[in-house]
Amino acid sequence: MSMETILSVKPLFAVLVSLVAIPGIVSSRSQNIREAWTFGAAAIKLLLVLSMLPLVLDGNVLTFTLVQVLPDIGITFKVDAFGLLFAIVASSLWIVTSIYSIGYMRSLNEHSQTRYFSFFAVAISATIGVAFSANLLTLYLFYEMLSLATFPLVTHHQDKEARSSGRKYLFYILGGSIGLVLPAMMITYHFTGTLDFAAQGVMAGHINSGLALLLTVMFLFGFAKVGIMPMHSWLPAAMVAPTPVSALLHAVAVVKVGAFSVVRVFTGIVGTTLLSDFGINGIVCVLASITIVVASLIALSQDELKRRLAFSTIGQLSYIVLGIALLTKSGMTGGMLHIAMHAFGKITLFFCAGAIFCATGIKYISKMKGIGRRMPITMTAFLIGSLSVVGFPPCGGFISKWYLVLGTVESGNIAFLFVLLGSSFLNAAYFFRFSTMLFSAAKRR
Amino acid sequence: MKILGKITITICGLLLLFFTSDFPDWGDVNSPASTHLSPYFIEHTIEDTAVPNIVTSVLADYRGYDTMFETTVILTAGLACFLLLRIPRKDSIHRYYRHEPTGVTIRVEGDRYPKGSNVFTRIDSSWVPYDLIINFTCRLLIHFIQLFALYVVAHGHHSPGGGFQGGVLLGASVILFAISGNLRAAIKRFGEKTAAILSSTGVFIYAGAGALCLFIGEQFLNYSALGPLLGTDRIMARSHGILIVEIGVAMAVMAVMIWIYYNLSSAGKQDEGL
Amino acid sequence: MMDTLILLSAILLSLFMIIPLYRAVMGPTVLDRFMGVNAIGTQTTALLIMIGFIYKRVDMFIDIALAYAMLNFIAVLAASRYFHKRKGLTEEMES
Amino acid sequence: MIILTSLVSGIMILAGLVFFLGGSIGMIRLPDFYSRLHSAGMLDTMGLMLTMGGMALYIIHDLTLNNVLSALKIILIVVFIFITSPTATHAIVDAGIRAGMKPWRKRGSEAGK
Amino acid sequence: MIWPIDLIILGLVIVSAVAAITVKDLLSAAVLLGAYSFLLCLLWAVMGAVDVAFTEATVGAGVSTVFCVAAVFHTTRRTKD
Amino acid sequence: MKTKLKKAAFVTTFSITFLILFLFWCIFSGKFDAFHLSLGVISCLLICWATSSDLLIVPPQISRLVRLWSGFVIYIPWLIWQIILANIHVLVLVLSPDMDKRINPKIIKFKSRIKDTVGLVTFANSITLTPGTITVALNMYGDMVIHAIDDESAAALPGDMEKKVAKLFGE
Amino acid sequence: MELFSFIVAKADYWAYVILMMVGLYALIAKNNLVKKIVGMTIFQTAIILFYVSIGYKKGATIPILHHGSDHGGEALAAHGAHAAAHGTQEVAEQAAHAVAHAGEAAVKAMDYINPLPHVLMLTAIVVGVATLGVALALAMKVYKEYGTLEEDEINQQLRNG
Amino acid sequence: MTSNLPALVIIVPLLASLVAAGAGWFNRKAPFYIAVIALLISFISSVLLLAQVVATGVAIEYQMAGWPAPVGIVYVIDHLSAMVLVVITFVAFVNLIGNRQAVETEFKNKEGAFNALYVLFTAGLVGMTATGDAFNLYVLLEIASLSGYALIGLGSSRAPLATLNYLFLGTIGATFYLLGVGYLYIATGSLNMADLATIIPSMMNSSTILFAFIICLTGLLVKMAIFPVHGWLPGAYSESSTVSAGLIAPLTTKVTIYIMVRICLTLFTPEYTFGYIDPTDIMVAIAVASIIFGSLSALAQKDFKRMLSYIIIAEVGYMVGGFFLGNRMGVSGAILHIVNDAAMTLALFMAAGIFIWKTGDEKQSSLKGLYAKMPFTMAGFTLAALSVVGVPPTCGFFSKWYLISGGIAAGQYLFVGALIFSSLINAVLFFRIFEIALFEPFKSHHHAGDEEDKVESHHGETIVDPGVIESAQQYSGSDSHDHGAIVIKEPPLPMLVPFLGVCVLLLILGLYSGSIVNNIIHFAIPAGII
C-alpha cells in the first residue's frame, strides 16, 4: 500500500462547515430557516467527508496544518482510513439525528431550540475534528470542544435534575481531560518531544514501563467519555437530556469519540509494541472486562429504558477497548468496526426510546407492557437494533463481535472469550426480556 | 495584628541590621557609590552644562527624564485628589451671611442667598472673627515669600533650590493666604480652574521643551538642540534649558500644592475650609 | 578658633533641642506640642546657619534657613487654625 | 579687627546659646502652657537674634560683597523671625483660648480676679 | 567633625518618629510628623545634602503638615492607638 | 478691604512695591549681571501684577510713608532694647530657683487708644515680642487681652510702648 | 575609641533600619488610618536617610561647585559661563573652552559630596508628598463613608451589613 | 522620526494626558478623544517598535537627553519589552474605547482628570517597561501606582478603604524596591541596568547584592499580590469602577511580573539569579500556595469581579512559579502568560462591565438568563472563560502548556499539580456562571423582566436593533412554550465590538502562540537559560 501524503484543505472544511452554520442558526428568523441551515450543513459535511473517501481508499493520507501553535506541534488534520470511517459514521448519523431532532423538538415544542441546534452543530464539528486529528494536541482540542458543546445539550431541560447531571457530566469529563489527559499528554511530550500519531507509537524507547503503564491508565481513565469504570457514572446521569441528545451522546459523538481517542492513543502514541512488551494491555483488558460484566449486570436491573440503554453502552464501549487492548489484528479490526456497528445499533434503540417517549410519555420499562402492539414499526426497529447490539447474525453487530471473538482466540487468552460470550448472553437477556414484554399482552385494566 | 507586626519588624529589622555590616563606612570616600558614577557628574557638570550646582545639573539634565516624571507624579497626585474628593457644590445646604453695617449674622437656606449684594458677605459656618494680627502679618509676608520663591527658582543653578522648592514655596504662600483669611478669598484670587490648567501647563512646559528638542532633531530632553532658538551655544543652551524646565516645575508644583490644599481643606466642596 | 566655637555651639544647640522635643513628645496638650515644634523650628534655623559655617558655605545654607523659617510659620499657623475654626458660630470670642 | 569681630560675635553666639538654654529650661519648669509660651516663643527669638547677629558679624570680617550680602540675608532671617514669631505665638495662644484651656493661676491670686 | 551633631539628631529623629506613631491624638501626630521632618531636614543639612534639606524643609515641614492638619480638620482627632 | 485705588495711587503703590521687592531681590540674589537682574525684574513685576499690589500694605502717599518708616527706624532700636531687657528679666525669672514664687500669670484687658490697624498690629506684636507679655486677642476697636507672666511685666502695660507706637502712627 | 568610630561608621544605617521598622510597624499594626499614613511617611523617609547616608563623604563639601573670588579656576569658569550667556558667539566659544579647561583643572571628585543620591531623593521626597496627599484624600473619603478612621470599627460596620 | 519611536511611545501619552487634563475644563468630550488618539499613536509606535526589533533582532537603545548609558537614562527596547509595550498600549486603548459610556456616566464632570489619569497610568506602565534605569523604574512605578489609586478609589462606596489598603501595600512594595535599588547602588555605585549587569557577576559573593535581590523581589512580590501579601488586590479590583478595573487588573500585576523578569534576567543576570541564588524551590512553593489559595478563595465568592480578582492572584502564582522554574519552557510560559493573561483578564473585565451595564450589580446571581438576552456577548464571555480554564485552542491553554512542560522539566510536580488543580477549579467557577446565565431566569421571568427594564432605563439609552426584537418575539410565540418574550438586547456597538475583538484575539493569540514564542520570546530569554 503506497502511502501518499496529500495536502488538502478538505478536512478543515469538513470540520468548519457546521461551525459556519452557527451564525446562520442563531440569526435565523424562523424555525424553518434554522432547520434548513442545520440540515444543509449536515448534508455538505457528509458530502465533504465522502469526497475524501476515494483518495483514502487509494491508500493516501490527507493532511493539513492549520497553524503551528507550539514550536513543533501544530493544529494538524490527517485523514486516514480509521479516521475517515469514524467521520463517515458520525456525519451520516448526524443527518439522521438532525432530522430526528427536528421532529422530536417540534413535537414536544421544546424551548431554546436555537441554542440546542447551535451546540449540536458545534458538537458534530468537534467530532469530525477528533476524527481527523493528526496529533494528540489537536485531538485534545476537539475533545474538549466536544465536552463543552455537549454540556448545554445535556442540561437542556434546565431543571434541577438536568443541572445536577450536567455537573456530574462535566466533573467526570473535564476532570478526566484536564486532570488526567493533560498531564499525561504533557509528560509524554516532555519525554518524547512529539505528540504526532505514529504508526508504531512514539513512546517506545523514551519511556520506561512504570511510567508507560501510568500514562496508559491516565489516558484510559482520562478519556472519561469511553466510560471505563469507575469513570462511567456520568453516562447514566446524562440520560436526562432530550433523547436525540442521548442518541448523539451514546451512539455517535461523545462516547465514540472517547473510544476513538483511546484507540488513537493506544495505537498512535503508546504503541502496540510497548503495550505488549510491558504487558500493559493485560491490565487494560482486565479493566475493560470488569466494566463489560458489571455494566451488563447493572443494565439488567434498570427499569428506566434510557438508563438500561446507557449501561448497555458502557458495556459495549469496553468491547472496543478490549478489542484494541488484545493487540491482535482481528481484535483491532473488531474494536474499530464495533465503533461503527454499535453506533448504528444504539442510535436505533435510542430513537425508538425517544419515539416511545414522544408518543406516550412513558420512560419506564415496567409500564411499557404491550406497547409493541400500539407502535409496531417502532418496536420492530427496536428489535432489530437490539439484535445488532447483542450480536445476532446477520446484523452488523455480529460482524464486529465475530472479529472480537477471533481476536480473543488469537491472543490466546480464553478468559476474555468467556467474558465476551457471557456478556452477550447478558445482553440478550436484558434486551429480549424487554422485547418479549413489549409484545406481550397489554395489562388489562 | 500587633504581635504579628512586632514579630515581623523584629525579624526584618534584625536582618537589615545584620546586613549593614557589609556596607562601606559612613562617609567613606572610597565606597563604590562615590567612585563609580558620581565623579563624572562632579567633574563634568561645568563643561557639560555650565551649572555649578551639581544636583541641579544632574536633576534637570543628566537625569532630567526622571525629574519630568517626578513633576508628573505631583500632577498625578493633584489630579487624584481632585478626582477622589471634589464634589460639585450643592446649593441646598444652608449658608451664613453677615450684614456688614450691623454685624448681624443670618442663615440662608436653599439658593435664596443674596446675590451680588455688597452689604452681605458670606462667612463660614465655623466662623471666626477677623484675626487682625495674623491677617496683617500674612499680608505683609506673602510678597516676600513669593519673591523668595521666585529667587529660589531662578537661582537653582548656583545655590540650593530650584523649581521644586520654589514651587512649593509659591504654593505655600497661597496656602498661607487661605489660612490667614478664608478659603473662598483664596479661591477667588487663584481659582481652581487656574490651578488645574497651570499644573498641566507646568508639566507641559517641561515635556514640551523636551519634545521640542525631539522635533528639532535631537534626543528627547536634549536641550543642546535649543541652542539656535535661544541664540546660545550648546552648553549654555543646556543651562537655559534647565531654567526653562525649572520654571515649568515651579508652576506645576505651585498649582498642584494649592489644588490639593483646596480639595483637602474643604473636603472637596471648595466652599469653606481650614 | 571661631570654627571650633561654632562647632561646639552647634553641638550644644542640637543638645538643647532635646528639651523642646521632650515638650513636643510628652506635652500634656496639643498646644504644648505646637509650642515645642515651633521652638525646634527656631533653633533649627540657627543650627542650619551654624552648619553652613561648619561647611564654610554659609551662603548656601541661608536660603534653606529662610525657607525653613517661612514654612515653620505656615505649619504652626495651620495647626493653630484648627482650633480657631473648630468652634462654630455659637461660641464667639469673649472679649 | 578680625579679633575684635571674632570676640564680639563669639560672645554674642554664646549669649544666644544661653538664651536658647533658658528658653528650653523655661519650657520644662513653667507650670502651664501659657507661661511656657513666654519662655519658648520669646527667649528663643532672642537667642536666635543673638546667634544670628554674631554670625552675621563674624561673616563680614572678610569684607566682600558676597559676605555682606550673606550677612544681610542672615539679618533678613532675623527680621523675618521677628515678624513671624509673635504672630505664631499669638496664634497658639488664641488657639488655646478657643480650645477652652484655662490659664494656670497662682493659688494666692485666685481671689484677685 | 560633624558626626556628633549627626548622632544627636539621629537620636532625636528616632524619638520623634516613635512619638508620632504612638501619640494618642491625630493632630498631635500630624504636628510631631512636622517636627520629625524638621529634624530630618537638619540631618540632611548635616550630611551636606542641601537640596534635599531644602526640599524636606519646604515639603516635609511645611506642606505635608498642612495637608495632615487639613485632613484631620475634616475627619477626627480621635484615635485608639 | 478691596477699595479701588485711583490710578495715580495705583501707580505709586505699584512702583513702591516693585522697588521694595527689587531691593530684596538684590539682597537675595547677590548676582548683578544682566541676566539675573532681568530675571529679578520679571519676578518682581510678576508678583506685583499677580498680587495686584493690595496685599503689601503701602500707604499711597509718599510723605506719609517716609514719616512712618523714619519713625520705625527710631522705634525699632528702642524696641530691641526693651526686648533685651525683658528677655533678661524673664531669663532670670526662669533660671531662678524660686521661680514658683516669682511668677504670677494673669490676664489683663484694656482698650488701646491706637486707631490705626497697622499701628494696633505693631503694638500687639511688640507686646508679644517683649517677654513676659503675650497678646491673646485683639480686635479692630483696640480691645486687647494680654497674658502676663508676672506682676512686673503686667505693670508695664500699656505704658510707654503704646505712646511710642501711637506717635509713630501720628496720633 | 574603636567602638566609637564603629558606631559613627554605621549609626546612620542603624538609624535608617530603626526608622523603617517604626514606619513598617505603624503600617502593619496600627489601627487608625491616619496613623498608618504617618507610618507610611516615616517608612518612606527612612529610605531617604539611607540614600543620603550613602552619598555622604567625609571631608567633602556640599555638591555645589565653588564659584566667586576665592578660587581662581572656578572664578574663571563662572566668568566664562556668564560671558557665554551674553556674549557673542565667538566669546561664547572661548568661554566654553575656558569653562571646560577650568573644570578639568580645578574640580576634584573627592572634594564634593556625591550628588547622585541627592537627586534621587528629591524625587523620593516628591513621591512621598504626592502619596501622602492621595492617602489623606482617601482617608477623608473613608471617614465620610463610615464616620470613623479606626479599622476595626470599619470592619465591624462592614460585618454588620 | 523612526529613531525617536522609543520616546514617542511614552511622550505622546504623557503630553496627551496633560492636554486632556487642561482640555477637560473647556470641553467635556475632548479629553476622551485626546486620550484615545494618544493611546492609538502609542499603540502604533509600539507595534512598529516590535516589528523593528523582530526584524533586526537587536535591542534598540534610546538615550534620554542625549547622555549615554551609565550617566543618563536610557530606554532599552528589546524583544521582551517591545512585546509587553504592545500589550499595555493595546489593553489601554481597547478598554478605553470599550468603556466610553461608563466613563461618561461614572465620572461626570471629571472627564478631564479621569482621562488624564488613565493615560498617565498607561504612560507609567509603558515607561516601566521600556526603561533601562533601575531608579527611573521606581519613579514610573509611582506614577502608575498613584494614578491607579485615583482610578480605583472612585468606585463603589467601599472603594476608598480598599484603595487605601492598596496604597499602603503598594507603597511598601515600591519602597522596598527603592531600598533594593539603594543596596545595589551602595554596592556598585551604578543605577543603569546594563551597567549593573556587568558589575554584579564580579561581586557575586557580596551579601549586599544578595540582600538587594531579596528586597527588590519582596517589593515586587508585594506589588504583584502574591499569596501572603495579596490582601489589597481583591478589594481594590472588585470595588473599583469597571473601566478602571478593566485597565488596572490586566496590567498592573502583569507589568510587575514583567519587571520581576527584567530585574532577574537583565539586571541580576541569569547566572546570578538561577545559578548563584537559585530560589526555585521557595519561590515555586510560594507560587503554589498562591495558586491554590487564589483558586479556593475564588470558589467562595459571590461577586463576579471579586471572583475574577482571586483568579488573578492564582494567575500571578502561575507566572511567578513558571518564571522561577528557571528553565526555558517555564520562563517562556511565564512570559507568554503575561500576554495571554492580560488579554484574558481584559476580556473578562470588559464582560464584567457589560454585565454591570446590563444588570446593575455585580452579583453572579444577577447574571440570570443572559445567554438568551445577549448571545454574542455571552459567546465572547464563554471564550474568555474557557481561556482562563485553559481549553484549547484559546490562548490560556498554551501558556499553561509551557508552564506545565517547564514544571515537568524542572521536576516541580507540585507546581504542575497546582496548575491542573487550579484549572479544574476555574472550570467549576465558570461553569457555575454558565449554568446561571444559561438556565436560571425562567422561573419568575415576568418580574425579572420588569426589573430589568427599570434597570435599563436607569442606565440610559440602549441601542437595540428593532429587527432583533421582532424576531425574538416571533420566536417566543412559536417555540418557547412556557417562557415569556426573550428580548435580545446586546450592549451598544462601541461596547460590544471591542469586547468581541478581544475575545477573538484570545483565539488568535492561542493559535499563533507558536510563532510568538519562536519569534519573540525565544529571543527575549538569555541564552544561559536552557
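The first chain written gets the first letter, and so on, giving A, B, C, D, E, F, G and H; residue counts start at 1 in each chain.
Methods note: a residue touches a chain if its C-beta (ideal position, glycine included) is under 8 Å from a C-beta of that chain, and two chains touch if they have at least 3 such contacts.
Predicted, not measured: the structure shown is a model, and the values here were computed from it.
Student: What pair of chains has the most C-beta pairs in contact?
Tutor: The chain pair with the largest number of C-beta contacts is B-G.
Student: Specify the chain with the shortest distance from its C-alpha centroid to the centroid of every protein C-alpha atom present.
Tutor: Chain H is the most central one.
Student: Averaging over Cα atoms per chain, report the distance between chain B and chain H in Å.
Tutor: The computed centroid separation for chain B versus chain H comes out at 32 Å.
Student: Between chain A and chain E, what is the separation of their C-alpha centroids in Å?
Tutor: Here the centre of chain E sits 76 Å away from the centre of chain A.
Student: Based only on mean CA positions, could you tell me how far chain C sits from chain G in angstrom?
Tutor: Centres of chain C and chain G (C-alpha means) sit 21 Å apart.
Student: How many Å are there between the centre of chain F and the centre of chain G, using C-alpha atoms for each centre?
Tutor: The separation of the two C-alpha centroids amounts to 37 Å.
Student: Residues touching two or more other chains, restricted to chain F: which are they?
Tutor: Where chain F meets two or more other chains at a single residue, that happens at 24, 28, 30, 124-125, 135, 137, 139.
Student: Mark out which residues of chain G touch at least two other chains, giving numbers and ranges.
Tutor: In chain G, 8, 11-12, 18, 20, 24-25, 53-56, 60-64, 85, 116-120, 122-123, 126-127, 129-131, 133-134, 136-141 touch at least two other chains.
Student: Give the list of chain B residues in touch with chain E in this complex.
Tutor: Its residues touching chain E are 53, 55-56, 59, 152, 160-162, 164-165, 168-169, 171-172, 175, 179, 257, 260-261, 264-267, 273-274.
Student: Please name which positions on chain H make contact with chain B in the complex.
Tutor: The contact residues of chain H facing chain B are 4, 7, 11, 14-15, 18-19, 21-22, 25, 62-67, 70-73, 107, 109-110, 112-114, 116-117, 120, 127, 133, 135-136, 139-140, 142-143, 146-147, 149-151, 153-154, 160, 185-191, 206-208, 211.
Student: For the complex, give me every residue of chain C touching chain D.
Tutor: 1-2, 5-6, 9, 12-13, 16, 19-20, 22-23, 29-32, 34-36, 38-39, 42-43, 45-46, 49-50, 53, 58-59, 62-63, 65-66, 69-70, 73, 76-77, 79-84, 86-87, 91, 93-94
Student: Under the touch definition given earlier, write down the residues of chain A that touch chain H in their complex.
Tutor: Residues in contact with chain H: 26, 29-31, 66-71, 73-75, 109-115, 137, 140-141, 144-145, 148, 151-152, 155, 158, 162-163, 166-167, 170, 174-175, 178-179, 182-183, 186-187, 189-190.
Student: Within the complex, which stretch of chain F touches chain D?
Tutor: That would be residues 24, 27-28, 30, 83-84, 86-87, 90-91, 94-95, 99-100, 103-107, 124-126, 128-137, 147, 149 of chain F.
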